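Next up: the structures, one after another.
One chain, subunit A, appears in both complexes that follow, with subunit B as partner in the first and subunit C in the second.
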Partner chain A sequence: MSVLVIAPLLVAVTAAVLTLALGRRPRVQRATSVAGVVGYVGVVSAAVWALVLGPAAPGAAVYQVGGWPAPFGITLVLDGLSAFMLTIAAGVGVASILFSVRYVTPVNQRVYYHPLFHMLLVGVTGSFLTGDLFNLFVWFEVMLIVSYVFVAFYGTDHATAASFRYLVMNVFGSALMLVAVGGLYATTGTLNMADMARRLATPEAYGIDPAPVVGLSALLLAVFALKAGLVPFQLWVPAAYAAAPTPITAMFAGVTKKVGMYAIVRLYFTVFAAATVPVDLPGITAASPLGFLAPTLGAMGAASVLVGGFGAVGQDRLGGLFAYSSIGQVGFIAVPVAVAAAADPAGTLRGVAVAAALVFALHHALAKGLLFLSAAAVEDATNTDRLRDLGGIAGRSPVLSGAVFVGLLSLIGLPPLTGFFGKFLAFDAAVRGLASGPGALSALALVALLLGAVLTILYATRVWVGGFWGRETTAVETATVESGQVAVVAALAATVVLVGVGFDPIYRFAETAATAALDGEGYVDVVGLNGGDGA
Partner chain B sequence: MSAALAVAVGGLFAVGTFLLLQRDVIRVVFGVAVVSQATFVYLIAMGGIDEGTRDLVPVLEVHGGGVPEVADPVVQALVLTAIVISFGTTALALVLSYRAYEENETMDVTEWT
Partner chain C sequence: MRTTARVTVPIVLVVSISLFLQGHNLPGGGFIGGVLTTAAFVLIYVAYDLDYLESGVLGREVEPGTSIFEHRTVTAYRRTLLAGLVVVLGSGVAGILIGDPFLTQGYVHLEGVPIYHEVELASALAFDLGVYLVVVGSLLTIVSVVSSE
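Coming up: the complex of A and B.
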C-alpha cells in the first residue's frame, strides 16, 4: 500500500476542481492550471522513482481504494508499464498546457478549457493505474467524455459534426466493451485483473471454463483499437484531430491513443497470456488468446502504417497530414506488439518486442507532440496551415523551423534522435519475428513497415520543402511567431535530441516496463489477493 | 428465462444498430440509447437471473465463507454505474446534435460537413 500510487490522480482531480472554481479570475486560473500540471509531473516523477526505478524501489506498488482488499475493492497498481505510460503523459501534458496558455485565446480558456484539460489527465492516469476491468471502462469514459467536448470546443459546423461522429463511434465501442467485461465476469467470476490472471492460469482450481475468453478478448481488442485509431477503426481520427484545439490534439495523439495500446498490452500480456485455450479459427490455430492477437493486430498495424502513410502524403493541411501520420505511427507500435504476441513465451523476443513498442510510443508522443504544437504555432502566426499557402518559414523563424526539422527527422528515424531508436527497434522486432516464425503475414508486415518508412520520408520532405524552405509567401512575410510558443516547441525538440543521445537509461526503463507487462505472476503477487479466504 | 433475455438483448442490439445507421440525427441518438440499454440487460443477465442461490455469487463463493442466498450484487453495481455514464453521454449527444443541427442547418448527418 503506497499513497504515492494514487497521488497523480489526486493532484489532477484537485487541479480540475480548483481551475473550475477559479473561472472568474482568468490569470489565477491559468497559473493554477500550469501549477497543477507541474505538480502532476512532480508526483509522477516521485512515484516512479520511489516505487519503480529508484535504488530502493520495490518495482511495483499497489493502492487498494477505500482499504477494501483485492479482489473486492478497486485496485490501483503502479508497475513498470504504468510508470512508463504515466511518464509519457506527464511529459506531453506539461508541454501541452504551457503551449495552451500562450495559444488558446483568453476568452476560450475561460470557458471550461483548464478543468477539462485536467479531467483528461484524470481519465488517462486512471486508465494507466487501474487494476480492475470495469474501472478501466469508467476511466475510458471519463477520458472520452472530455474528448467529445474538446472536439466540439470551437462549436463550428465541422467541429460539432466531428464530435458527434466521434461520440457515436465511441458509444458503440463502449457498449462492446461492456459486453466483453460482462462476459469475462460471467466466465471468470471476477473483475480484478490480477484475480482474472490467476484464475485463467489454473481454471480447474476455480471450476471455470476459459473457452469464451478468446472471443471476449477479441471484442476488447476491437474497442482498444478504436481508441488507438488503428485501421479499420481510424475513421474518426482526421476530423476529430482537426477540430480539437491543437494543443489538445497533441495530447490525443501523444497520450490518449497510447491508452488504447496500453490496454491491449496490459490485458493480453499480463492477464490473458496466462490462459490456455485452444483457438481454432479459419487460418488461426493456437493455444492461447495471444495466438489470436498476433495475426489480427499484425494485420491491423500493417494496414494502419499504409493507410496513414498514403493518407499523409495526400494531405494539404499540416494538421491533417500529421493526423494521418499518427494513424501510421500507431501501426508502428502495433506491429511489434503483434510480434511479441507471436513470440515464444520463454524466449527473449517477447520482451524485446514489447520494449520496442514502448520506445516507439515514447518517440511518437514526443515527436508528434512537437509537430502538432509547431503546426499550431505556424497557424497562429500565419492564419493558415495549408502547405500551398506556406513557404519560407525557415527564414522567418529559424528556431521554430529548427524544432520542426528535428521533429521531422525524428519521425523519419535519423540517429541520434529518439525516432531512430523507435524505428530501429520496431524493425529489429519485425525482422526477428520473421526469422523466428517465417510466414506470409510476418513478411507482409515487414514490407508494410518498410513502405511506411519510405512514405514517412516522403511526407516529411513535403512538409519541409512546402512549408519551411523556399521563398516566403504572402502569408508568411507578415507573420510573427509568438516567442512563448516557440520556447515550448524548442524545449520539446531539445527533449527529442536528449532522449536520443542519452538513450541507455530510457531503454532500461522501457525494458523494466516490458518485463512488468509480461510478468503476470508478479502482477498477481503485487496486487496481493488476500480478500476473504481466497488468499 | 435465459432464452427470453437472450432474445431481448439480441432484439435491442438489432433495433439499436438499425437506428444508428439512419440519416436522421435524432434516430442516431435513439440508437445510441437503445444499444446502451441492450448492454445493461446483457450485464444483468451475466449475473444470473435465477432465484438467488450460493453459486450465483462466484466472487463470494471462492473468497468468503457463509455466503447468503442472494443474487449477484456486482452486476447490479456495474449496471448502475453504466446507466449513469450512459445518461451523461446521451444528454451530451442530444446537446451536440442540436448544436450541430444549428451549425449545419440540416438533420441529415450525411449532409454535415
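Coming up: the complex of A and C.
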C-alpha cells in the first residue's frame, strides 16, 4: 500500500486549504496556488512512474483509506487508466493555473478563485482514483458544486442563468445517479467496484440475480453522458462554457468532461463487462451490458459529432465556437468506445479502440485547452471574441497566432501533431469495427465521423481566416497581447507538437491504460479481493 | 420570542455539544452537532438582530457602515471554517505520519478520571471537531450574509 496513490488528493486538498487561509495576502496566495498545482504535477508524475510505468512498477496499486479493507472501506485504485487520466488533468491544470494568474483580475482571484480551483482538482482526482461507486458519486458532487460556483463566478445575469440551468440539469443527474447506485447495491450487495465485478462474474456463487444491471447501467450512462456533454445532454455546455472564467472552461473541456467518459469506460469495461445478462430490447439483442452500450453510445457519439460540428460552424464567437467543437470532439471519443463495446472480447480490436478513445481524449484536452486559452488571450487584448470584430491578429501577435494555428491544425488532424494520431486511431477503430461487424449503425457512425472531420476543417478555417488573417480591425489595431499569457499558450502548442512527434511512448501509455480498463480480473486482484492482502 | 430564546438557547447548545461528543459511537457527530449549534445562533439572530452577538454578548462597539463581509463576527465565522478544515486535514494526515493509512482512527480508555471514572478518548473526535467547526463556520457565514441582504 503506497501513500503515492492518495498523494495527489492530499496535495490538492492542502493547496485548497492554504490558498483559502492566504486570502488576505494576494501575492502569497497566487504563489501558493501555482506551487500547489506544480506539486500536484510532481506527485502525479511520481505516482505514475513508481506505480504504473516505471521499470520496477507493479502496474497498479491500491490504497485502503483508514485501513479498512475492501470491500468495506473506501478503496482508492491507481491503475493504468487512472494514471492516464490523472496525467491529462495535471497537464491541463498547470497550464490553466499559470494562465489564470495572468488573466483573471486580482480582485476576482481573491474571491475564492484559487481554493475553488484546487477543489476542482480534488473532485477530478477523487473521481479518477476511487474504487467505490458511492464514493464516485461523492467526488462527482465535489466537482459539480465547484463547477456551479465557477459558472456563476462573474455574477452577471447570463452567468447566473447559465449556472442555474447547469445546476438544475445536474441535480436531476445526481438524483438519477443515486437511484442507480442504490439499485446496484440492492442488486449486487456491494458498492466496491472490484467486488461488484467479481460478483457479477459469478452471480450464482453470491446468490444474486444480475438482470436489473442493464437498466441501472443505462441510468448511469445517462448521468455520465450528461457530465461529458454528449447529445442529447449537451444543452448546458455552450452557456456554461461561455459564462465561466475561460481558464476554467479549459479545465471543463479538457478534464471534467473526460471524467464522464472515464466513468463510462471504467464501469462498463472493468465492472459490468463481467456480467452475462441477456439484453432483449427492440433492435438490441445481446448477452451483456456492453451489447447495450455499443449502439446507444455509438448513436449518441455520432449525434454529438454532427451537432457539435454544425453548431460550431454557425457560431460567431470564439468561445461559443470552441464550446460546440468540444461537443463534437467528445463524440469522437465516444464512437471508439462504442466500437470497443461492440467488439469481440477475445480479439484485439477492443483494446485498440479504447486506446484510440484515450489518445483522442489526450489530444482534445491539449488542443482545446490551447484554443480556449488563446481565445481568452485574444479577448483580453481586444475586449471582444466576436469573429466579426476580429481580423489580422497574425500580424499583431505572430506567436499567439502560431500557437492557435498549431491548435487548429491539431484539431483538423494534420501529422505530426497529436490530433493526427487521435483522429487516425478513431477512424481506424471505426473502420475495423465496421469490418468486423457490418451493420447500418457502424456505417452511420463512420459517415458521421467523416462528416464531423469535414466540419472541423470548415470551422477551423473560419476561425483562422476570420480572426487571424486579413486586415487588422480597429479592435485588433489597439490591442496588446499579454506576454505571460502568450508564453503559456506557446508552451501548450509546443506540447501538442512534441506529443505528436514523440508519439510512441504516449501510445504505449494509452495501451497500458486500455489494458487496465479491460482487465476486470486484474482490477479485482489489485484491490485484494482474490485472496491477496490488498496492500 | 426573546424569553423563549433566553430559555432554549442554552439547552440547544448543551444538546448540540453532547451530540458532538458522543458522535463516534452513538447517533450524533460533528455535522449534526454543528447544525444544532448554528440553530441556536440563528434563534438569537431572529429574536434580537445581527449586531446583538457583538454588542449584547461581547459588549463591543459595532462599527457601522462596513459591508457584511468585513463584519467582525462574519470574519470570525470564516476563520472558524478555516480552522475546521485545518483540523480535518491534520487529523487525517496525522495517521500517515505515524505510518497508518490516511484517516486511520484509534482510541484510548483513560481510567481514574475524577467524576467520570472512565473516559474513552477517540481520535475520531479530532476529525469530528474539524467537521463541527466547518459546519458552524460555513452555515453561520451563509446565514449572516444572506440575512443582511
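Here is the rule we use: the second predicted complex is superposed on the first by the 529 of 535 C-alpha atoms of A that agree within 3 Å, B and C clash if a C-alpha of one lies under 4 Å from a C-alpha of the other, contacts with A are read in each partner's own complex, and residues count from 1 in each chain.
FYI, contacts are C-beta pairs under 8 Å (C-beta built on N, C-alpha and C of every residue); 3 or more make two chains touch, one makes a residue touch a chain.
These numbers were taken from a predicted model, which means no experiment stands behind them.
Enquirer: Check whether A:Val65 is in contact with subunit B, with subunit C, with both or with neither, and answer first, second, both or neither.
Expert: It touches subunit C, and subunit B stays clear.
Enquirer: Please work out whether A:Phe134 is in contact with subunit B alone, subunit C alone, both, or neither, and reply first, second, both or neither.
Expert: It touches subunit B, and subunit C stays clear.
Enquirer: With both complexes superposed on chain A, which partner does A:Leu20 reach: first (subunit B), second (subunit C), both or neither?
Expert: second
Enquirer: Using the touch definition from the top, say if A:Gly437 reaches subunit B (first), subunit C (second), both or neither.
Expert: Neither partner.
Enquirer: Give the label of whichever partner, subunit B or subunit C, reaches more residues of subunit A.
Expert: More residues of subunit A are touched by B.
Enquirer: When the two structures are overlaid on chain A, which partner does A:Gly402 contact: first (subunit B), second (subunit C), both, or neither?
Expert: Touch partners of A:Gly402: none, neither subunit B nor subunit C.
Enquirer: Touch test for A:Gly42: subunit B only (first), subunit C only (second), both, or neither?
Expert: After superposition on chain A, A:Gly42 lies in contact with neither partner.
Enquirer: Pick one for A:Tyr185: touches subunit B only (first), subunit C only (second), both, or neither.
Expert: Once the two structures are laid over each other on A, A:Tyr185 reaches subunit B alone.
Enquirer: Which parts of subunit A are in contact with subunit B and also with subunit C?
Expert: Touching subunit B in the first complex and subunit C in the second, no residue of subunit A appears in both lists.
Enquirer: For the complex, give me every residue of subunit C touching subunit A.
Expert: Contacts found on subunit C: 82, 85-86, 89, 93, 95-96, 100-105.
Enquirer: Which of the residues in subunit A end up touching subunit B in this complex?
Expert: Subunit A reaches subunit B through residues 71-72, 134, 137-138, 141, 145, 148-149, 152, 155-158, 160-161, 163-165, 167-168, 171-172, 174-175, 178-179, 181-183, 185-186, 189-191, 206, 531-534.
Enquirer: Can you check the complex and tell me which residues of subunit A touch subunit C?
Expert: Checking each residue of subunit A against subunit C gives 1, 3, 6, 10, 13-14, 17, 20-21, 63-67.
Enquirer: Considering the complex alone, what residue numbers of subunit B touch subunit A?
Expert: Listed in rising order, the residues of subunit B that touch subunit A are 20, 25, 28, 31-32, 35-36, 38-39, 42-43, 46-47, 58-65, 74-75, 78, 81-82, 85-86, 88-89, 92-93, 96-97, 99-100, 103-104, 109, 112-113.
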